[in-house]
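Below is one structure. I have some questions about it.
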Amino acid sequence: MAILVDENTRLLVQGITGREGGFHTRRMLASKTQVVAGVTPGKGGQEFEGVPVFNTIHDAVEETGANTSVIFVPAPFAADAIFESLDNGLETVCCITEGVPVHDMMRVANYPRLQNATLIGPNCPGMLSPGKSNVSIMPQDIFKPGRVGVVSRSGTLTYQIVNELTQRGIGQSTAVGIGGDPIIGTDFIEILKKFEDDPETECVVMIGEIGGNAEQRAAEYWQSEMETPVVAYIAGFTAPEGKTMGHAGAIVSGGESTAEAKSQALQKAGIRAATNPTEVAELVAEALK
Amino acid sequence: MDLYEHQGKELLRGFGIETLPGVVAATPEEAKRAADTFGGTVAIKAQVLTGGRGKAGGIKVVKSPDEAEDAARQVLGMDIRGHTVRKLLVEAGAAIASEMYLSITVDREAKKPLILFSTEGGVDIEEVAATKPESIVRMHLDPLVGLLPYQTRQITFAAGLEGDAAKGVGRTLTNLYKGFEGLDASLVEINPLVLTEEGQVLALDAKVTVDNSSLYRHQDIAELRDVEAADPQEERAQEVGLQYVKLDGDVGILGNGAGLVMSTLDVVAQAGGDPANFCDVGGGADAEKISTALDIVTSNEKVKSVFFNIFGGITRGDEVARGLLSAIERTNIELPIVVRLDGTNAEEGRSILAENTPPNVKTEETMLGAAQRAVELAREGGR
Amino acid sequence: MDLYEHQGKELLRGFGIETLPGVVAATPEEAKRAADTFGGTVAIKAQVLTGGRGKAGGIKVVKSPDEAEDAARQVLGMDIRGHTVRKLLVEAGAAIASEMYLSITVDREAKKPLILFSTEGGVDIEEVAATKPESIVRMHLDPLVGLLPYQTRQITFAAGLEGDAAKGVGRTLTNLYKGFEGLDASLVEINPLVLTEEGQVLALDAKVTVDNSSLYRHQDIAELRDVEAADPQEERAQEVGLQYVKLDGDVGILGNGAGLVMSTLDVVAQAGGDPANFCDVGGGADAEKISTALDIVTSNEKVKSVFFNIFGGITRGDEVARGLLSAIERTNIELPIVVRLDGTNAEEGRSILAENTPPNVKTEETMLGAAQRAVELAREGGR
Amino acid sequence: MAILVDENTRLLVQGITGREGGFHTRRMLASKTQVVAGVTPGKGGQEFEGVPVFNTIHDAVEETGANTSVIFVPAPFAADAIFESLDNGLETVCCITEGVPVHDMMRVANYPRLQNATLIGPNCPGMLSPGKSNVSIMPQDIFKPGRVGVVSRSGTLTYQIVNELTQRGIGQSTAVGIGGDPIIGTDFIEILKKFEDDPETECVVMIGEIGGNAEQRAAEYWQSEMETPVVAYIAGFTAPEGKTMGHAGAIVSGGESTAEAKSQALQKAGIRAATNPTEVAELVAEALK
């Protein structure tokens, strides 16, 4: 098993003929992901790398039975693309797009729950279940099938940590990048819950950063609801107040949003917190013993 | 994007928020003239993109144009938390009966706008939250539904307001929410929101932060950006699409991806070093972008060594190595540069670097080892 | 409230819907002058609040001002489905490439706005729905979310549109939804929506129905009401808050509550009678309102008997009886009035009526019995 | 048992100090309904006929545990009042107010489902379970406790038919006026379902009228999902096209919306349809045999 994406994922790519969408579609196809449809308005009827392209998600779903979508459309059109996916019944929607306006996200972010769907992102690297399905912009080569779940607010930091795991021979069940924006579709807690319910996942790595208090809430959740061990890592101890550190959501704007406060909350809940990426892999190895 | 008080007020007035008459002054003479126009008591307020200006002496209440000129002379040029005062807001006086607090923010957890209101205004709201939490009324809104009349009433009743105050705060809140939406703001805060002795409700201050991702649809606001006040290197970085934040240390840092760079800063600090900046060059191996980033990072005089931390993901390590070499060639950096290259095709990348690099470029295999090396090199003195 | 074509177009233009230039004319001379201004081919279109004017000869396409004058003379004063033509819309001509259909209605079942679009426009949409259902694209909207760009695309793609037509229809739909919301409409329908040979998308007709319950916030629209065209008694009823609809029969009907009155009409028809009107006097026993209602109902010359059907609910039967007596006293009606009084305190009410009423008022215990009696009295001839 | 309102109904009256609200509050109290709170902004702290008045529903619910509300506020404020009730967790919300703008209703009408709440109305007489609870403007005197459910789009016509039932000795479990507007919170089908699930209700009277096609949908529902017998009555056979007959929703605007079409659909589904109110009671008496 795995979470969110697996052998049954039938993927639809929104913006398949765009530069980013096209590039990553080729990569996802190369990872043996079932990319069953692409959507680019006005290019319906064409093919892209053998994948049929449709004008609308409505048509694509009707023709191909897609159940998951990944969004590469430009930021001004991202919320519309999310609504289009959700309204057409897709179960898992992943928005890779960076720079989506926060008010657009507030309008759409509470919508998936009403449709029993899951929205991942925006501004995220996506989801990858090694050997099963790759709905992401993550480098499949550094992954290895296994029993550690990874959930992260960050991209390259995730790769760094996955790489450390793989180099130690520790494989992953699924890695999920939930995104670095202030408003994201799915937070740590929902992903932790899915990993807890996944019999194949024996340990979870949670990679947080400054901004908000999602890590604190996740720590409380773990303490009261989870048995699967979690190893955490928080980035941004040296971040100054009021300066956005790359991600729109990574900004220290109050006591709770510092790496310090998050780290303390994790430890208080009994979660092992590593001080650097290499230590993450060490702690995971211990937890799996 | 944070706005100055006078900019925020100007924009909010467009949504019906009432303020006192005010004029922006850049010189003591302008301040005097403005004070003369308003007559009576005026406030001279430093325009800086930081809080705490009151405590720092950035606000003076004066009784005559001459006093205004004097006060302006004192405040202009003042340094408030690292921000130089270059403009003032000269504002007419008012007879204040009470001070309140009103804000609308983006609540990450609920994924909804959050209204905070308190009749305990004029001070730090976090202090009020800590000492008198019951005095703060909180309410989430559904952005698809908007602010409903009952919600406005629920807030004013919960705060114990009546009559003019309830009506005025209700109207202000309704308009503030329009502003929050219309400006694509991530924060609109009025502290203090005052009730005057005549029963008017006025915004005496305004803190407006507009979502950067929304600026494409607010060209007018994007143009309000105070280029002069910004760090020139941060400005240059922004122009070429680099994420750069200047810090106080001596180890220059570059890397690909915000999370990895934040982590790099932390690891350098743990190794006893002091990061000079945050700089995310993003994905890919664009030699032009990397050389601009190197140039920006090393233009900081304090920097004594540079740590370039790359994780090859989709972009393979060998490509990154070539891009990096080409970038270093373009610049004339003599500072020691520690390059750590890991991930996809890392070995190939490292051997390319090992063969071709100038003597000031050192390669390391691990992030921790590289951090250690960069810190040591900075201690040894760089330039 | 239904609007005339020219009113609907005027309002929709305010939301960006494009139409042909047009002028309202009330005389053949005005029509001639308008045709002269536009030059070339013009359409002379009867302004009536009913469909089917084309088949009835209410639209003439003419080639000169003189022809326009002749056509206007023919159309003005024409009767179309019981509506007298008193105004014309003189509209410039266009080179039409194709005719489409576009509407937004309130869907009761989904409780949402429903868009209907078809490239088979210009004819009765119900006919298209019956014969070529696949040519109609349907889409529900969430009113809290509004019309999303993807929905517009989904509609135009489903209809097989491309290029100018797709763009023009998309823009028209976006604007039409703004109009639907902004006007508090229960229907906005454009049939035909045309694509011209130059690639423009224009509304050649417009049917707009504004929700009566929303008129309090659209004073400008409320004032568009054509008082002259309305039945004078319906007009008078509306002023005093009575629900009155004139019909063709000879049994005048009054009652309390819309459902009960509808049922009363049916029962009268089942008894072989022919209802002269629908008149709901509402709750309560307000003698003033009842007497106005009686006056309106009997002012219809056709009426030969009146059936007053009251169910005493919250208002007790005895109170109703007293109110009714006082109302009858105020009028001088000699027509037979059958009163049926049932419900709370009905017996008391009936005995009050029995003791005090003039000979032309008959009381009955049951609705069916009363209907029978009223029909018989009407047959006997009334006045 | 009964549906929607019963002994456990703790009622809150929105607009309790208004003319209509006050008048009917006295009547509901006289019917032994547990009226636990009233809301009129600005009159919090007062009492009305012994019922405490609050400024907001939030306060009223917190203090009194109200679970049901009935709305008498003027039409321009009705949708806001419905949102206030739903947002504060009331389970059953009944809007008596007439003349609520249809666009206001579209905004709020799909909201109760998300909150697992039931909205009855607007422009309706309310709900009454004889001897248990009266959340309505209906005359309690003509009712009699019993086993016939009544659901209707109309007010006085309902009283007429209830009176016919009572005069024949046939009592009612609950009578629900769903309202005569084009957009209403709850349609026939949802009420029929509740009656079907209520062991006390042995027969249902459904009173329809011209406009829309709710009766047709109800007929289909009955045929496929219900065992409880239904007796129907439709008003408006003599209504002309395009003229609103009193209720905003009662207008013949197409083939489906005529009384004729509705009556045919009912009969086709096997539902007994009466031709006049008296016959309704006769058919119910037969059905109960």
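Here are a few things to note about the model shown:
So that you can tell them apart, the chains are marked A, B, C and D in the order they are listed, and the count of residues begins at 1 in each.
Following the convention adopted for this analysis, a residue touches a chain if its C-beta (ideal position, glycine included) is under 8 Å from a C-beta of that chain, and two chains touch if they have at least 3 such contacts.
Everything numeric in this text was worked out from a predicted model, so none of it was measured.
Of all chains, the one whose CA centroid is most distant from that of chain A is C. For chain pairs A-C and C-D, the one joined by more C-beta pairs in contact is C-D. Between the CA-based centres of chain A and chain C the separation comes to 55 Å, rounded to the whole angstrom.
If you average the CA atoms of chain B and of chain C, the two centres end up 58 Å from each other. Rounded to whole angstrom, the centroid-to-centroid distance between chain C and chain D, based on C-alpha atoms, equals 27 Å. Per-chain Cα centroids separate chain A from chain D by 47 Å.
Contact with two or more other chains is made by residues 144-145 of chain B. Each of the following residues of chain A touches two or more other chains: 107. The touch graph of the protein chains shown belongs to none of the named shapes. Pairs of chains meeting the touch criterion are A-B, A-C, B-C, B-D, C-D. Within the complex, the chain B residues that touch chain D are 145, 148-150, 153-154, 157-158. The touching residues of chain D, counted against chain B in their complex, run 41, 44, 55-59, 77, 80-81, 83-84, 87, 107.
Contact residues on chain B toward chain A in their complex (touch as defined above): 50, 106, 108-109, 111-113, 126, 142-144, 181, 184, 186, 211-214, 216-217, 243, 245, 247, 255-263, 265-270, 275, 278, 280, 311-314, 342-344, 366-368. Chain B contributes residues 144-145 to its touches with chain C in the complex.
Across the interface of their complex, chain C is touched by residues 27, 75-76, 99-103, 105-107, 109-110, 137-139, 141-142, 152-160, 163, 180, 182-183, 187, 207, 209-210, 212-214, 217, 233, 235-240, 242-250, 254-255, 259, 275-278 of chain D.
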